[in-house]
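Two complexes come next, and they have one chain in common, chain A, joined by chain B in the first and chain C in the second.
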Partner chain A sequence: MRRRVDWLPLLAGLPGCAVLLGLFLLPVGFLIARSVTDPKLGLSNYHTIITSPAYGHAAWTTLWLSGAAVLGCVLLGTPVAYALVRAGDHPVMRVVMAVLILSFLTSSLVRAYAWFLMLGTQGPVVAVTNALGLGKPQLLFNSFAVIVGMVHYLLPIYTLMLYGSLRSIRYELVTAAEGLGAKHAYALRTVFLPLARPGLVNGGSLVFVIALGFFVTPALLGGAQQTMLSQLIAQAVQQFGDFGAAAATGFLLLVASLALLAAVRRVLLPKSARYG
Partner chain B sequence: MPGVRTPNGRVAELEPAMAGAAKATASGRAARDLVVSNVRKAFDRTEVLHGVDLHVPEGAFATMLGPSGSGKTTVLRIVAGFERPDAGTVTLGGKDLTALAPRARGLGMVFQSYALFPHLTVEDNIAYPLRVRRMKAAERRRRVAEYAGRVQLEPYLGRYPHELSGGQQQRVALARALVFEPRLLLLDEPLGALDKRLRTDIQEQLKELHREIGITFIHVTHDQAEAFALSTLVVIMRDGGVEQAGAPEQLFHEPATLFVADFVGGANAVPATLLERGVHGAHLQLHDGRRLRVPPAQVAPGVGASGDVTLVFRPDAGTTLASGDEHPGDDVLTLAGTVRDVTYLGGKYELSLDGGGARARVHSGAAAAIGATVHACWALDCCRVVGQPDGGG
Partner chain C sequence: MLAAVVLLGACGGSGSSGGSGGGGSIVLGANGGSYDQCQQSTFIPAFKKATGMDVKYGSFAYDLGAWKAQQESGAVEWDVAVVDASEFDALRRAGWLEPLGVSTKGMLDFPGVSVDNYGIASEIFSQVVTYRADKFGGDPPKTWADVFNTKKYPGKRMFHRNAADMGTLEMALLADGVAPKDLYPLDVNRALRKLDSIKNDIIWYDNGTKMVALIQQGEAVIGAGWDGRIKDLQAQTGGNVVGMSPEQAIARPDYWVIPKGAKNPEGARKFLRFITQPKQQAAFAKCTGYPPPWVAAFDHLPNKSSYAVTPDKLHNVIVWNSNYWKANRDAVTQRFNAWLGGS
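Take a look at the complex of A and B:
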């Protein structure tokens, strides 16, 4: 009897585990294999990528656009998550929550097109600047448009994730700090912020990794200067049929993402797991 | 008797009886009594405090005692400044605190959940109020060491709160609330989460700390034994008001209302009619026609000259009578009843008697059979006359 009870959860989880492992390990395995065999055995694909100025530029673009998008999320989303935690019952915050969830559920393609229309020469933003006598600025096909699109896509993810984490912080601790003589801002900085740090780092690194893989947003809203690594991968396959180079780029992007994530968490999350 | 009885039992005045209190008043400066005047508070249009008055002398160990929902924690939070009263004032040593933010009041508080900072070590938790006050590092370390020593926490200074037991966490909260030498310490059911044995130890430690430090402690609990063990002044709260305040002895021997008598001692109560009052006592008639004369000191303040009253008497003040001795004299209350239940209390038994119209519990040296008829008696100077149950005394 006992053994059956012990085996049951494993058995129940087995199909799902098989699918998960199969869908992750097999493609990554194929990817690595392809990157060192296509068109010929060896590291020539990696050599080409590392020495190519186009890839170097795309890697740098990917990094800084993603970083800027994360910064935008942190600056805009953190106060929203805090407001949701502290005043979630307020009618305004209920609407904000609904908007967050709805935009979370909207496809990235739709949202990129929405910005395309918003920022285009026939769009409302240009109409307003024109009416104010500021002319017709080119708002599309630059870093600004890409960052706006990225932040818009990532903000609900970041905010909802941070909200979940901030909600578990006992606000009574801030009250206690004020009772011990602290001003509100001091109490938030010395008590709430340190306790919120794991949530900030987790939310920030999650959206950063998602940003590294962006394709639709820079393709639609960016220009040639805003080419990101994912676009180069698509280009390698669609325009040149070069599956080896695409595989090698994908693998490098994966390794770089994991390495960055590990480094950021190591620096920003000391001992945090220990808090009971 | 250290307390001064007040006419309606709502305001307590108490001579400082403790060593710490005596020291504080001997220093000659104006006493820093805490005075809460006519404080009202409503949440969502439901009034939870209906004009609370409280006077806690400097150096007292005051406990607000009452069932949940009686408003005791709300009073504490208003004193701390975490809630703003709708009406009324809170003053400390004559200074009005009512409009001040919590941080400006300089009071220490121990929360029910302790509210320790989980990301800080014990040392940094205790040092927090000192850092807030920008105390120099050397002095801060000396002060943290001193207060950690007072609560025996020196070996744990480097640990994090979650690495400590409940009792140790409680002591960190105490040290953190005292280290900046506040004028008043507020304790919100600090012993509620601890097991009984640990509670007894910590009660002794709390009393010792109170004697050593000498500041006023205000404590909230629903546990009558805890309130009596700790306090020099007990304030009994009921339905958002002060029912009676006084020294534990006063509340026990001179309850002003049936509620107080029942809450502090578990009282028997029988309805009676007050016929007349005189210098020799109050003449009562029980509903079975018997007449009794209760000494004047045993009539609660607020009881009128005549009318319906309640006679209360505690189980432990009575004795059972041997058969053949059912009429021991005129200055006793006797009751006869069928034994409904017997509880062993250790060394003695408590018998629940059903005497037809009246039910009563009495302590007895010997057990009795269920269904047997037992006669019990109470000396009339151990009985107390209070108002009717809803009359409030």
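Take a look at the complex of A and C:
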């Protein structure tokens, strides 16, 4: 028997798909072309980047700061998303939801600058540590400040996305497990957590990819040791007009992040949910 | 995205300019911060009033990538813009500039103040010794050697991380005892060794906003600042918070340019001829704190001595050597970035 193709949804999706593919594949194609033709044909841009200590350092910095920011989001955001799902009607959780959405809508520059003032030597945090007799720690221009700024930016995105995914889990399954004699913690761990895993991995992957492209936060809150790849790309474009090096860096970042994501998803996701 | 919006606006404007009946309009490249605000409070309204022409702001012009994209696509947005010395050199070499057609008679006797009718100085821009006056007011730092002296002036110090354009290596060499006349060609190894001696105390900035924030919030207590922005900060905070010493100012011109393919180059020339008049230059200099590159403009300035460069004080400043940087910019930047990334 011939399989019937449902043409209507395909046709309906066609214009949107064409726009999406066109706006992604064409620019990426131009990017790759530019990276091997500007200033001359060949792989010289890639050779320069791979052998440059500054780029190597920035690549490593980008990866570990992004990883740390994702970890921060998972540790802080997961319980919040769970609380929103289980007790969303509570007045406190309504306020939390409003705060999440509001901070999601605030510009990254404003939020980074707010941390600049908060963590500064004249800021409230240092005032508190000083009053407690702990001295005046240097909180700005290091990895700590950048990670704080990144987590603050990414947390609403992660939490709201996870909330959407956790909400679709049928909590009756946990209740059923408890009815069959499982302790609450055991039921959560063996029933709820496996069902939540795709949401956790998808949320984590999304904020990781966003973190890789961070620019304003490390520039304002970090020191020279916290230079990320996007800052080097901006320097190549704005200061040197070197589109070839910028394109090559961007393409390497794209390939590296896709490979990393595929690996992480292969390890952490069940087969059925891998592309869902 | 901002650039795209502005580009759309510019295209719309050009489409309708065929039947323009009024004074016409020009698009000015933006620079940001107090600099643009000063343009808007001084010569732009005066020019509009005198000529009936309109002046609109385009996107940020301190961006070689934006120039390249505009020249390659042929969609040139600006009619006139201010760029820094390095960018000017790159634009000139690429052939992306129109002749200005503005007389340079009466300009300050400063190296590179006008270049072959393709660029004339918009102001003389200086890096100066900058410090917290509330901390070091009793015995204020004067020289770059003081800025590198962590015993006498303890605390974090700020420098620009674009070493090629912002004099960071020059400062290190002057602090290490190199005489101004022996500065070029730079001994990069020696400069990096000197910077190594204070590396853990340095906070780097890469734009004027962060520079001002660092000294204003006291994150840095001493370092390199831009004379105009620091004067602006002094005016805001009162004289006792932030101080500066013009003694070893590292100075270079910024340039007015007209991009090749500009839609209204004649309007741009009219604009430049208007704003280079002494009175307009003086009004702008009073607002920005940057010295005007025109001798007669100083006649209209009340406290001449507060400017890093004046007609009588030319030999006291250290002139940033554009020829050296033209030849060595890429190589030195790569070495500096490698040094910066290593620990």
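The rule we apply is simple: the second predicted complex is superposed on the first by the 251 of 276 C-alpha atoms of A that agree within 3 Å, B and C clash if a C-alpha of one lies under 4 Å from a C-alpha of the other, contacts with A are read in each partner's own complex, and residues count from 1 in each chain.
Everything below uses one rule, namely that contacts are C-beta pairs under 8 Å (C-beta built on N, C-alpha and C of every residue); 3 or more make two chains touch, one makes a residue touch a chain.
Here the structure is a predicted model, which is why all the values come from computation and not from measurement.
Room for both chain B and chain C is found when the two structures are superposed via chain A, with no clash between them.
Judged by the number of chain A residues each one touches, C leads among chain B and chain C. Of the two partner chains, chain B is the only one touched by A:170; chain C is not.
Of the two partner chains placed around the shared chain by superposition, chain B is the only one that A:195 touches, whereas chain C remains out of contact.
In the superposition on chain A, contact is made by A:52 with chain C only, not with chain B. Measuring from the middle, so to speak, at the Cα centre of chain A, the directions to chain B and chain C differ by 150 degrees in steps of 10.
In the superposition on chain A, A:225 makes contact with chain C only, not with chain B.
Contacts of A:179 after superposition on the shared chain: chain B is touched, whereas chain C is not.
Between chain B and chain C, the shortest distance over C-alpha atoms in the superposed arrangement works out to 44 Å.
The interface of chain A with chain B does not overlap its interface with chain C at any residue. Within the complex, the chain A residues that touch chain B are 170, 172-173, 175-183, 186, 190-191, 194-195, 274-276.
The touching residues of chain B, when paired with chain A in their complex, are 80-82, 101-103, 106-109, 111, 113, 115, 117-119, 128-129, 132-133, 160-163, 176-177, 180. Residues of chain A touching chain C in their complex: 52-54, 57-58, 113, 116-117, 120-122, 140-141, 219-220, 223-225, 227, 237-241, 243, 246. Residue ranges on chain C touching chain A, taken from their complex, read 62-68, 86, 90, 161-162, 165, 202-204, 206, 210, 213, 217-219, 330, 333-334, 337-338, 340-343.
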